[in-house]
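Input: structures, listed below.
Both of the next two complexes hold subunit A, though its partner changes from subunit B to subunit C.
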Partner chain A sequence: MRLASLGLTPARLASNLPGVRAEATASQLLLAGRAAADDGARLLGLWASDGRDRGRGLCVHVLLIGTEGLVLLEHALPADGRFPSLAALFPAAGRMERAAYDLAGAASDQDDRRGWLRHAAWPASWFPLRRDATSDAPAAPAEPASEDYAFVRVEGDGVHEIPVGPVHAGIIEPGHFRFQVVGEKVLRLEERLGYVHKGIEKRFEAFAVTDGGRLAGRVSGDSTVAYATAYARAAETAAGTPVPPRAQWLRALALERERIANHLGDLGALGNDGGFAFGLAQFSRLREDVLRANLAAFGHRLAMDFVVPGGVARDLDAQQLAALALQSQALAGEVATLRDIYDEHAGLQDRFRDCGRVEPALARRLGLAGLAGRASGQAFDLRCDFPEAPYDELQVRKAAREEGDVAARAAVRFDEVLEALRLVRAIADRLPPTDLTGSVRVPLAALPPHRPGVGVVEGWRGAVTVALEAGPGGSIRRCHPQDVSWANWPVLEHAVIGNIVPDFPLINKSFNLTYSGHDL
Partner chain B sequence: MLTILKKIALTGIRSEPAPSVDDAEGVARLHASILRTLGRALAIRQVDAGSCNGCELEIHALGNPYYNIEGLGIRFVASPRHADLLLVTGPVSRHMVTALRRTYDATPEPRLVVAAGDCGCNGGIFGEGYATVGRVANVVPVDVEVPGCPPTPAALLAGILSAVKHAARGVAPADPRA
Partner chain C sequence: MTASGFLSQLLQLAVALALAPLLVGWVNQCRAWLQNRGAPPLLLPYRTIHKLFSKDAVVAHGASPLFRLTPYVVFGAMCCAAAIVPSLATDLPFARAADAIALVGLFALARMFIALAAMDVGTAFGSLGARREMFVGFLAEPALLMVLFTASLISGSTSLPTIVETLAHRELGIYPSLAFAGVAFTMVSLAENARIPVDNPATHLELTMIHEAMVLEYSARHLALLEWAAALKLFNYSCIGLALFLPAGIAEGSDWLGMAAAAPLLVAKLAAGGFALALIETLSAKLRIFRAPEFLGTAFMLAVLAMLVHLLLES
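Right after this comes the complex of A and B.
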C-alpha cells in the first residue's frame, strides 16, 4: 500500500504478522482505505478507544490486511466530531462502526444510526468503553425494556414476515433473524445480533496483561485456542518476548486439533440438517474421540487455558505425541470413508448443491473471509500467506473452491480436516526438543504502555484478531478481539436470498458463525 | 447404501453406561423416578443466556453415541412449551434477561431448571457488570447447578439426573422475582 504517498508516516507494528501503523487524519483515512480497497486489501477489524485522558480524543482504529501484511490506521477524532465511514469501501465496516458508537461513542458519518450491540439494557447516552465510565451502568433496569428496532420490511402482495429468536429451536446461541418471505421463498433476511453481549472488552480492563489470556480464551469457546494464541501473540510481540520454538509448535498442534474437532462437528451437523442422521452419529463419535484425546494431551477437552502468554501451560511427552499421531492416522481413514458416503448420497448432495450460493464476485465485494471465503474463491489462509513458525516449515495446502454453495463449504471442511490431520502427524513427528532450560513457557516481559500489539491467527472459522494496548504497571488499557464472523454475518443475509425458508438452518450451519465472539 | 450399512456394522455400539448420581441409585431406578415424576420421557429445552458457546459444545456431545442421552429417555425439544426441564447456560446477559424469563414462564409445571457451567452457577469469569447479571439463579429459580468450564458431558448428565431426583423429593427453589 502506498502509505507514504498519502503523507502518512508508517511505523513498525508490533505483531506476529509483518505490519505497519500510522496516524491518519479523516481525509487520509478515507484515501488510505480507498487505496487499500483498490489494491485488494481486506478489512480485519475496526474499533474505537478513548484517549481523552491522554489528550488525544476518541480514537478509531482500522486494521487492514493486504499482500504485504497488516496496516493499522489510527485516527483521533476532533472533539464532538464524526469519523468518515468506510462502509462504502468495506461493507463489513458498517456494523463495526455502529458497535464503535455503542461502546465508545465514536460516531461515523454513515446513515444507519441504529444501535448494534446495545439493545436497551443500558442508557444510550452511556458508553462502557469510555475511560470515565465506571464498570456499572447507571441505574440498569431490572427487566430491560424491549427495544423497537427498525427492521427493513418488504412490501407487496403475499409478503409476510417471520421472526425467529433470540431463543432458537436447537442447542444454538441466541440471535434474532427477521425473514421477509413470499410463500417459502426468502426475499430478505435481516439479522439482529448482540444478545450475548457480555461486556468482554470492558471486562479486560480488570485483568493484568499476564492473566488476560484466560478471558480471551472464553470470547468464543469453539475457538478458545485461536483466541488464546492471538492474545498471546499480541502480548508477546508488544513486549518483545520470544516464545520457545517448542511452545510455538505445541500451539499449532492445539490449533489444528481445534480445527479438526470443529470441522468434524460441523460435517456431522450438516449431514443431520440435510436429513442424514447417520452423518451426525458418525462425525459426533469422531469428534468425541478427538476431545477425549485432547483431555489426555492438553488437560482439557477443548484445550482451554493451554496457550498462555509466553508459551504453553504444559509440555507433551513422546507417548502423548505418538498417541495423537496414531489417532490422526485412524481418523484420516474414517473421514475419507465418510466423505465418499457423503459424496455419493444423492439426497444429501441434492440439499447441498446450489444451496445458499455466494458467487466469488459477490464474496470479494462483500469481503467474505475465512473458511466460507475459501469456498467462494477468496483463497486466503494466514497459515499459507504469512506462515509463522511452525507453518513456515509445514507447507500447508490451502483449500479453495469456487462454487460458493453449501456443498463447497462442506468440501472445504473435508479438505481442511484431512490437511489438519496431516499437520498433527507432522508436528508430532518434527516437534523441536525443549531448550536447555527444559521450559515451554518464558515469563512475559513488561509491556510498554500505549504501544499496541496485534495478534492474528487462522482459526478454524477464519482470522481471529486480538489488538492489545497495555496501561501502566502491566494493566490492560484496551483489548479488542475481532472475529472473522464480523465479515461473514452480513454475507449470510445475501446467501439466503432466493432460497426456501427450510434451507436456512442448513445454510446457516454451513457458515457456522460465532454469536458470542461477535457480540462480545 | 451398502457402504453405509457396512460402516454402521463396523462401528458397532459405542454407548457407555450413564454416570451414577450416587451409589445407592442405579440408572434403572433413575428411569423409574423420571417416570414417577413426569409419567414419560424427560424433555429438555436448552437456553443459551449468554454463554461463550463452550457449554453448548459439551451439551451437544450428550447426543453423541458415547453418551447417547436419548437412549436414557431424555431428549432435547424445540419449544419450552414441550419441556420439563430448562438447561440454561450463562452468565445471563442483560439482553437475554427478558427472553430467559419468558422461556421460563412458557414452560409448563412441574418445571426444573439446571444451570450449566461456572458462568451459570456464579457468573464465572465474566462476573456481573453493565452487560451481565451473572448467575442464572439471579433471574429464574434454579434446582441444580453444574459447575465446570465447560462441564464435561458426564457432569451435565449427572446434573440433569439429579435435578429429576430433586423434583421427586418435591423441593422447589425460591423464585428470585418473589
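Right after this comes the complex of A and C.
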C-alpha cells in the first residue's frame, strides 16, 4: 500500500503477520482507506481507545489486511471531534464505528447514530472504555431498552413485519431479527445484536498481560483456541518473546482440532435444519469423539487454556499424538461416507442449493470474509496467504467455491474438515522435538508500554484478531478482540433477501456467526 | 341401537383415546433408533399430557373466548372422528350419523378453529403458522376426498363401516386402484399430521414451523388437549389407512370374539405403520415450503388415477 505517498510515516507493527502502523490525520485516514479499498484490502477491525490521559485524545484504530500484510492506522480525534466514517469504503465498518461510540465515545461522521452495543443498560453520556470510567456504570435512566430502536421499515401493499428473538424457541444465543416480508418472501432483514454484551474489553483492563489470555479464551467458547492464540501472538510479538517451535506446532494442532469439532457440529446442524435429523445424530457422534479425545490430550474438551502467552500449558507425549493421528484417520473415512450421503440426498440438496446465495461480486463489495467468504469466491485463508510456523511447512490446501449458497458453505466445511484431519496427522507426524530445556513454554518478556501488538489467527469461522496495548507494570491498557463475524453479520442480511422465511434458519446456520464474540 | 353396539362404540373410542399417545411415543422411539440415538421412553407422551394437565394455564392478553374454546373443539372433533373410524369392529352406531365425507369435514373443522385461534392472539408466528396450515390444508383435503371416493366406488357406500365390511369380507379381489389410492393416502397423511417432509414435529426453529407455530401460545390443559388431539389425529389417520387398505381382521358387526382377536392385530398393524412412518421421516429431508404443492399435487393426481383405474378396470 502506498502509505508514504499519502504523507504517512509507517513503522513496523508488532504482529505475527507482516505489517506496518502509522499515525494518520482525518484526511489521511480517509485517503489511506480509499487507497486500501482500491487495492482490494479488507477491513479486519476498527476500535477506539482513550488516550486523553497521555495527551492524545480519543484514538481510533483501523486494522486493514492487504496482499502485503497488515496496516494499522491510528487517528487521534480532536476534542469533541468526529472521525471520518469508513462505512462507504468498508460496509462492515458502520457497526464497528457505532460500537466505538457506545463504548469509548469516539464518534464517526456517519448518519446512523443508533446505538449498537449499548442497550440502555448505562446512560448514553457514560462511556465504559474511557480511562476515567473507573467505577461501576451509573444506573441507567428509566428508558425503554430497545423498543425505541428505529428499524428500517418497508412500506407497501401486503408487506408486514416479523420480529424474531432475542428469546428463541430453541436454546441458542440471543439476537433479534426483524423481517419485512410479503407472503413468505423476505424483502429485508435487519439484525439487532448486543444482547450478550458482557463488558469483556473493560474487564481486560483489570488483568495483567500474562493472565489476559484466560479471558481472551472465553470471548467465544467455540473459538477458544483461536482467541487464546491470537492473544498470545499479540503479547509475544509486542514483547519480542520467541515461542518454542514445538509449542507453535501444538497450538496449530489444537486449532485444527477446534476447526474439526466446529465444522462437524455445523454440518450436523445444517442437516437437522433441513429436516434431516440423521445427519445431526451422526455428526454429533463424531464431534463428541473429537471432544473426548481433546479432553484426553489437552485436558479440556475445547482445549480451553491450553494456549498461553509464551507457549502451551502442557506437552503431549508420543502416545497421545499417535492416538490423535489414528482418530483423524478413522474420522476421515466416516466424514467421507457422510459427505456422500449428503451429496446424494436429493431432498437435502434441494434445500441447500440456491439457498441464501451471496454472489462473489457482492461478497467482495461487502467484505464477506472467512469460511463464508471462501464459499463466495473470496479465497483468503491466513494459513495459506501468510503462513506462520507450522503452516509454512504443511502446505494447507485452500478450500474455495464460487456458488455462495448454503451448499457451497457446506462443501467448504467438508473440504476443510478433511484438510484439517490431514493436518492433524501431519502435525502429529512431524512435530519438532522439545529443545534442551524440555519446556514448551517460555516466560513472557515485559511488554513495552503503549506499543500495540496484534495477533491474527485463522479460526474456524475466519480471522480472529486481538489487538493488545500494555500499560505500565505489565498491566493491560487496552485489549480489543475482533471476530470475523463483525464482517459477516451484515452480509447475512443480504444473503436472506429474496429467500423465503422458513429458509432463514438454514441460511443463518450456514454462516453460524458468533453472538458472544461480537457483543463482547 | 343395540346395547352391544353401544358398548362396541364406547370401547373403540376408549381404545383410540388410550392408544393414541402410545402410537406417538412408538413413532418417536423408532425414529430415535433409526437415527442411532438413545430413544425417549415409550410412555413419555402420557407423562407430558399428565404434566400439562396439572399446570396452570397462561393465556395471552387480548385472547378472545375463541382461543380458549379451540382446544375443546379440536379435541372434540378428533373424538368424533375416532368414533366413526372402525378400528376393532364395524358395529359403530355413531357412524350412521356421519360418513367419510363428514369425516373430512371434521378434520377441516378442527383445522379451521386451530388456525383462527392461532391468528386470534395476533403474534407473528401464529399468523405465519395459520397461513401455512391453510396452504397445506386446501391441497390435502381434495386428495383425501378422492382417496375416500375411490374406496366408496368399490363398496358403493361412503360409510366407513360399510367400506370396511365390503373390502374385508368379500372373496379375494384385487383392486389396482387401491394401490394408487394407498400411496396418495400416505402422502396426504404425512402432510395432515405435520410430519416430515411437509412439517417437522421436532423442530425448535420458529420460522419453519407449521403446526407448532399455531400452538406456540397455548399452555397447560389447553396444550395437553391439543397434543392429545394431535395424537388422536395420527391414530385416526392410521386407522383410516388400515380400514381402507389393510382391513383384514377387523371384526364384523359387534362380534366380541372377533374383537378380542382384532385388538392384538390392530396393535401389530399400528406398530408396523408407526415404524414405516419413522422410516419415511428418517430418510427424507423437509421440503422447501413451496414444494408442498408439488408433493400434494402428486398425491391428488395419484388419487384421481386410482379413481380412473377403478372406473376403467374394475367396474
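Just so we're on the same page, the second predicted complex is superposed on the first by the 511 of 520 C-alpha atoms of A that agree within 3 Å, B and C clash if a C-alpha of one lies under 4 Å from a C-alpha of the other, contacts with A are read in each partner's own complex, and residues count from 1 in each chain.
Methods note: a contact is a pair of C-beta atoms (placed from the backbone, for glycine too) under 8 Å apart; a residue touches a chain by one contact, two chains touch by 3 or more.
Just so it is clear, the model here is predicted, and its values are computed rather than measured.
Enquirer: Check the residue A:F278 against both partner chains and state whether it touches subunit B (first), subunit C (second), both, or neither.
Expert: It touches subunit B and subunit C both.
Enquirer: Check the contacts made with subunit A and report whether subunit B or subunit C touches more of its residues.
Expert: B
Enquirer: Please indicate which partner A:G299 is in contact with in the superposed arrangement: first for subunit B, second for subunit C, both, or neither.
Expert: A:G299: touches no partner chain.
Enquirer: Give one of first, second, both or neither to describe whether A:F504 is in contact with subunit B, with subunit C, with both, or with none.
Expert: second
Enquirer: Given the touch rule stated above, what does A:Y195 touch, subunit B (first), subunit C (second), both, or neither?
Expert: Only subunit B; A:Y195 stays clear of subunit C.
Enquirer: Could you look at A:P18 and tell me whether it touches subunit B, subunit C, both or neither (first, second, both, neither)?
Expert: neither
Enquirer: So in the superposed three-chain picture, is A:E184 touching just subunit B, just subunit C, both, or none of them (first/second/both/neither)?
Expert: After superposition on chain A, A:E184 lies in contact with subunit C alone.
Enquirer: Report for A:G438: first if it touches subunit B alone, second if subunit C alone, otherwise both or neither.
Expert: neither
Enquirer: Under the stated touch criterion, which partner chain does A:G170 make contact with: subunit B (first), subunit C (second), both, or neither?
Expert: After superposing on A, A:G170 lies in contact with both subunit B and subunit C.
Enquirer: Need the overlap of the two footprints on subunit A, from subunit B and from subunit C, as residue ranges.
Expert: 169-171, 278, 280-282, 285
Enquirer: Okay, in this complex, where on subunit C does subunit A touch?
Expert: Against subunit A, the touching part of subunit C is residues 31, 34-37, 124-125, 128, 196-197, 200, 202-209, 216, 282-291.
Enquirer: Under the definition above, what is the set of subunit B residues touching subunit A in their complex?
Expert: So the residues of subunit B in touch with subunit A come to 3-4, 7-8, 11, 14, 46-61, 63-66, 76, 78-80, 91, 93-99, 101, 103, 124-127, 129-132, 149-150, 152.
Enquirer: Note which residues of subunit A are touching subunit B in the complex, please.
Expert: Per the touch definition, subunit A meets subunit B at residues 119, 121-122, 126, 128, 133, 135-137, 140, 143-144, 146, 166-167, 169-174, 194-200, 202-203, 214-215, 218-222, 224, 265, 278, 280-282, 284-285, 287-288, 291, 301-302, 304, 337-338, 340-341, 344, 514-516, 519.
Enquirer: Please give the residue numbers of subunit A that touch subunit C in the complex, ascending.
Expert: Those in contact with subunit C are residues 160-164, 168-171, 184, 271, 273-278, 280-282, 285, 345, 347-348, 350-351, 500-505.
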